[in-house]
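One chain, chain A, links the two complexes that follow: it is found with chain B in the first and with chain C in the second.
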Partner chain A sequence: MKRLFLVITPLILVLSALTARAELTIEITQGRDNPTSIAVVPFNWLEPGAAPEDVAWVVDSDLARSGQFAPVSRSDMLGRPSTQQEIFYRDWRAIDSEYLLIGRVSAQGTQMRIEYELYDVVRQRQAHRGVETGPINEARMLAHRVSDAVYEKLTGIRGAFATRLLYVSVTRVPGGKDYFRLTLADSDGARPIVLLESREPVLAPGWSPDGSQISYVSFESGRPAIYRQNLSTGAREQLTAFRGLNGAPAWSPDGKNMAMVLSKDGSPDIYLMNLASKKLTRITRHYAIDTEPTWMPDGRSLLFTSDRGGRPQIYRYDLRTGTTERLTFEGSYNARARVAQDGRNVVMVHQQNGQFHIALLDLVTNRLQVLTSTELDESPSIAPNGSMVLYATKHAGRGILAAVSVDGGVKFRLPSREGDVREPAWSPFMNR
Partner chain B sequence: MSKLLVASGLVLVTGPLSFQLRAQDYVDVEAERSGRTTPAAPATAAPASADPYATPSGTDPYSVQPTQSYPATSYGMDSAPAGSAIGAPASAAPVAAPAGGQNMGTLYIQMQQLQQEVMRLNGIVEEQANELRKLKSQSLERYVDLDRRLSSMGGGSSTGGASAAPVPAPSPAGGSGGTELPGEGDAYRSAYALVRGQQFDQAVESFNQFLRRYPDGRYAANAHYWLGELYLVIDPPDLEASRQSFSLLLDRYPDNAKAPDAMYKLGKVQFLKGNRERSKEYLDRVIREYGNTNNSAVKLSRDFLAENF
Partner chain C sequence: MKHLPVAGKAISVLFAATLLAACSGSSKKQEEEAAAAAAAAAAAQAEQQAAAAAAAAEQQRLRDAAAAYGNVFYFDFDSYNLKPEAIEALDAHIAALQGNDATVRLEGHTDERGTREYNMALGERRANAVRDYMVVNGVPSYRIETVSYGEERPIAYGSGESNWSQNRRVELK
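The block that comes next holds the complex of A and B.
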């Protein structure tokens, strides 16, 4: 994770003031009915001067965004304890806070240390304590790790706050060529970094399974080509430049292969490229359009979209048996599947009443549930812990990112202050 | 048809706006397609595209294919079919040269039409295979359910408890009142034997007789329950009679061990009668009133709600 920020050397990058303005902000549009109340007290900064980052506020926002917590407003807090001795439980019971998070932040040189303690107000005892250390300029990421720990302690599900997003933003230039920017940001949209800026389309960003590399399609050479790029070294490699389509790269779970769509042999079909030898294996062979491959987490089969049945539907190709089976039967249009790490929940673009929504298919029960109520939804991407789905949609005439929990209960938007944002790709869990 | 060519040209535009446009085009194309149902129709469509090489997009094999102009909608974002348009000269058209002339052109169109037709049929086969799979598993479920119920009656050792089958044996069914009257047990068991023998019509008659003789007997609630079940399996089923039997049981013996099962069954009967709202009321009631017990009717109700509502 630390490596990420050391060297980012975008190749065609013009870092401009636009970067800051492209930052995403978050508006929660729907939360749970009975979220857990938690008070995140401002952490005590033990060094002289002002703290470089309001760590507690980052945690507070993370927990609120999950929809499963209702953080107590700071103005309602009757005290600001930062150690166990300073806690008066009655103060927190009085404002119906079920949990209490306190902490202390110190610094030495370029390193920062966050100590935090979580208390159960009802039982009046400590529920968890932990320490996060790292570079000061990574303060927000350290704070997200605190959020992850608290979230996991209280929900039993691994937190996905200390993860990152890739997305493409497009700035329209009236009468001229648009700007396409491939942007990397924290999971809350903060600290955006433009990795690639081009006047030609940039599409289909994706992650390597360990989160160290990304892949995307860029038209910068005038034709589509698939690239991969190392996030810490900035080293970039062009993987394909075949005639026709070069699209939809998808890293295999073991990181050794990449599924992609090529039309060099006629109609678009799915191919596998061995990333070491660059050897290609053709997976599908059909005059219909086969596209948008994505891997099952076990790496044994691929899901893809095909109109071989007359309309686009999701199919599964088993790499061992070479058999193909259709997975979606509800609705006349299902496309661009993404699979959760549990290998059970599949999200996709689903057409209903002429509108495009994000739907979730449970592969065990075969039930399909429409998750979103917005229109023209596309490009779903699922969080590494399977809890939320990020997708692109339209709001007030602009392309924005929005998120919905896999049960449809929590919804929020991440509108950009400028340009259209689309094609989000949620990173895997990052190794420290 | 010319609209299609325009549509494929639009594929070039990669903006979200074009996504909307393309989505719209797809709908139009579909409308056109469904309009062309007569065999003669494809011929009328042909002239417009008779010479696929006449237009700039002719090199793109998909531009003359109505069905395949849509993938731009979703495929667009990810796999950039735009690429095929942008790299039009490069995009590998199987028949790239117009050398073959009119004959080749005609053959090409015919092949495209055949491919489309096969894709459409393929879709129908896939969907029907899926329907069959579903029906098969449903009928298996029904069979297993019935079988379990019958066998639980047979052994008298209905400890399974997974089905809504009532315990037929004389267990003093949870405060249903009534003590056993002389001859009542035998009468009940003989009616019951008919159920086991799958003589459902006779069983209905027999249970009705039983209730006339022992209206307040110890097994009266059981008899009502069985009548409710039997009215559903006789041919043709009598939904109203079934409903009345279950309702009677619920009204008269609200504390009987069969009450939750009867409530669940009422939900099912109402569903079969097409009264979805009433059905949901009963099923919700089961969960509300017995949700904190481990009564099998609760799980059955939940499953039924999840499956049908």
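The block that comes next holds the complex of A and C.
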């Protein structure tokens, strides 16, 4: 590579002006046996006119999508309280609602304020209360924060609703060049924004650990190159343009290095690039295919896919000792690992009976569990709270996103209205 | 593929002959010598032109022969070994590349099974397998560019072997 350069790309970075065609909807296909019943009452809009967003509906949908809650239908509600004084617990016991969420929404200038209270219907007492404030045009994100708080209060696990997704969507042009789009959306698929549109392939989107930057591979120059882009400024930097492969960028947990695959020295190997100095360090040195690096959360080792044993399997490279160990032994194809923040659960693509599924390997027990039963499953991405795995699959001949809980108990699909959708990348927790 | 002009030499011979005629003296001997030289030059020119035309025809024949094989070479699942039919087609392309210094681009592709980045590497192996065969058989490596598209650019969009087999390929461009 001769030169690194920084380019601002106003033409291809289309912020909010362009609505993505591949907007996602959600179909829950499998929930838990005994979900917690909760009534999310429409929040009272305290200002004149219509509310800019149905905050309670966003919360209702988030909780339903987790599979751990069964929100009460609005048509079954016997009242619409928005303050403690208006609550009649018998109305909620009558419809077997275990919890009740009420709230009020006000606005001042461009700012919105959501006040909400969670009640335990059985014990007839307040379980939690909170306030979320922010710009009105971020109403949905504020609503997701309410969901996060309720989810954490009732499950003990931090919510991951106020997060975002990157994904690639493709509009087919048979006999011609397809359209590739890199899209950013809320964790529920809402508010999609097209970040990059190209007639050349775009793939491997990923996040910086603080969620402020993204990385991806684009063939827009006629060859693969790794880019990173700042989401708030739109500034984009081309990091590599080596001969051969330039792929699978993966930010280190401290944000200082990027693991990547380059084949400039012959065969595909894993390299680290120091993002400040752009200095490269070669990690693997093998004639086999070494690819798909991903970091353990402590930043001390990398997992990667290699066919050095004949078939693709997952290996771990220890950055301190320089030693490599094989992690997967079950099945003839295990590839593209992603590690949960607990450093214990590893999800990957696993071939079983000729089909590709998503499997979870517990690094403590070494037990491998197949989570999905759909076909051609790939590109698993774990929620930052470790609860759900988003992945790409095929449904009715089209590429769609789907999700499964890490215990396999909850499943839902996010079909798009148009085109093929793939390569989901779930963001880290976002700084407020 | 690009092609070099082969008529350059013939043109320069013609130019030299014309120059010689223009500079000749007035004596009969000189005139005879000039006429003989012009005739020789014309003969040489005709010979050159015939040779160039023959070479061009041979080039065209080799290109047509290569084109008849098509510019796509197919592979088995998860394999980057050249199949016999691919080798036969490649031999024709290599022959067509011998008489010129055209550059080629080899694009490696896979089917949709397996992970995208692993397939990117597999597509590169396929393109490299074709490149290596061409280099061993006399095409200089600097004339060959390889790029892998993995599974990102399918020919057939559907699933099943009838679609997958069309997508596991290297395209010569």
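Throughout what follows, the second predicted complex is superposed on the first by the 412 of 432 C-alpha atoms of A that agree within 3 Å, B and C clash if a C-alpha of one lies under 4 Å from a C-alpha of the other, contacts with A are read in each partner's own complex, and residues count from 1 in each chain.
One rule holds in what follows: a contact is a pair of C-beta atoms (placed from the backbone, for glycine too) under 8 Å apart; a residue touches a chain by one contact, two chains touch by 3 or more.
Since we're looking at a predicted model, the values are computed, not measured.
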item	value
Touching partner for A:349 - first (chain B), second (chain C), both, neither	both
Partner chain in contact with A:203 - chain B first, chain C second, else both or neither	both
Touching partner for A:95 - first (chain B), second (chain C), both, neither	neither
Contacts of A:335 with chain B and chain C, given as first, second, both or neither	both
Contacts of A:136 with chain B and chain C, given as first, second, both or neither	neither
Which of chain B and chain C A:326 touches, first, second, both or neither	first
Which of chain B and chain C A:174 touches, first, second, both or neither	second
Doubly contacted residues of chain A, that is, touched by chain B and again by chain C	172, 178, 201, 203-204, 219, 222-224, 244-245, 247-248, 261, 263, 268, 289, 291-292, 305, 307, 312, 333, 335-336, 349, 356, 376, 378-379, 394, 423
Touching residues on chain A, where the partner in the complex is chain C	172, 174, 178, 201, 203-204, 219, 222-224, 244-245, 247-248, 261, 263, 268, 289, 291-292, 305, 307, 312, 333, 335-336, 349, 356, 375-376, 378-379, 394, 397, 423
Residues on chain A engaged by chain B in the complex (per definition of touch)	170, 172, 178, 201, 203-204, 217, 219, 222-224, 243-248, 261, 263-268, 287-289, 291-292, 305, 307-313, 326, 329, 333, 335-336, 349, 354, 356, 367, 376, 378-379, 392, 394, 399, 420, 422-423
Interfacial residue positions of chain C with respect to chain A in the complex	112-118, 120-122, 124-125, 146-150, 152-153, 157-159
Residue ranges of chain B touching chain A (in the complex, touch as defined)	14-16, 19-20, 23, 27, 61-62, 67-68, 70-71, 73-75, 77-84, 86-87, 90-92, 94, 115-116, 119-120, 122-124, 126-127, 130, 306
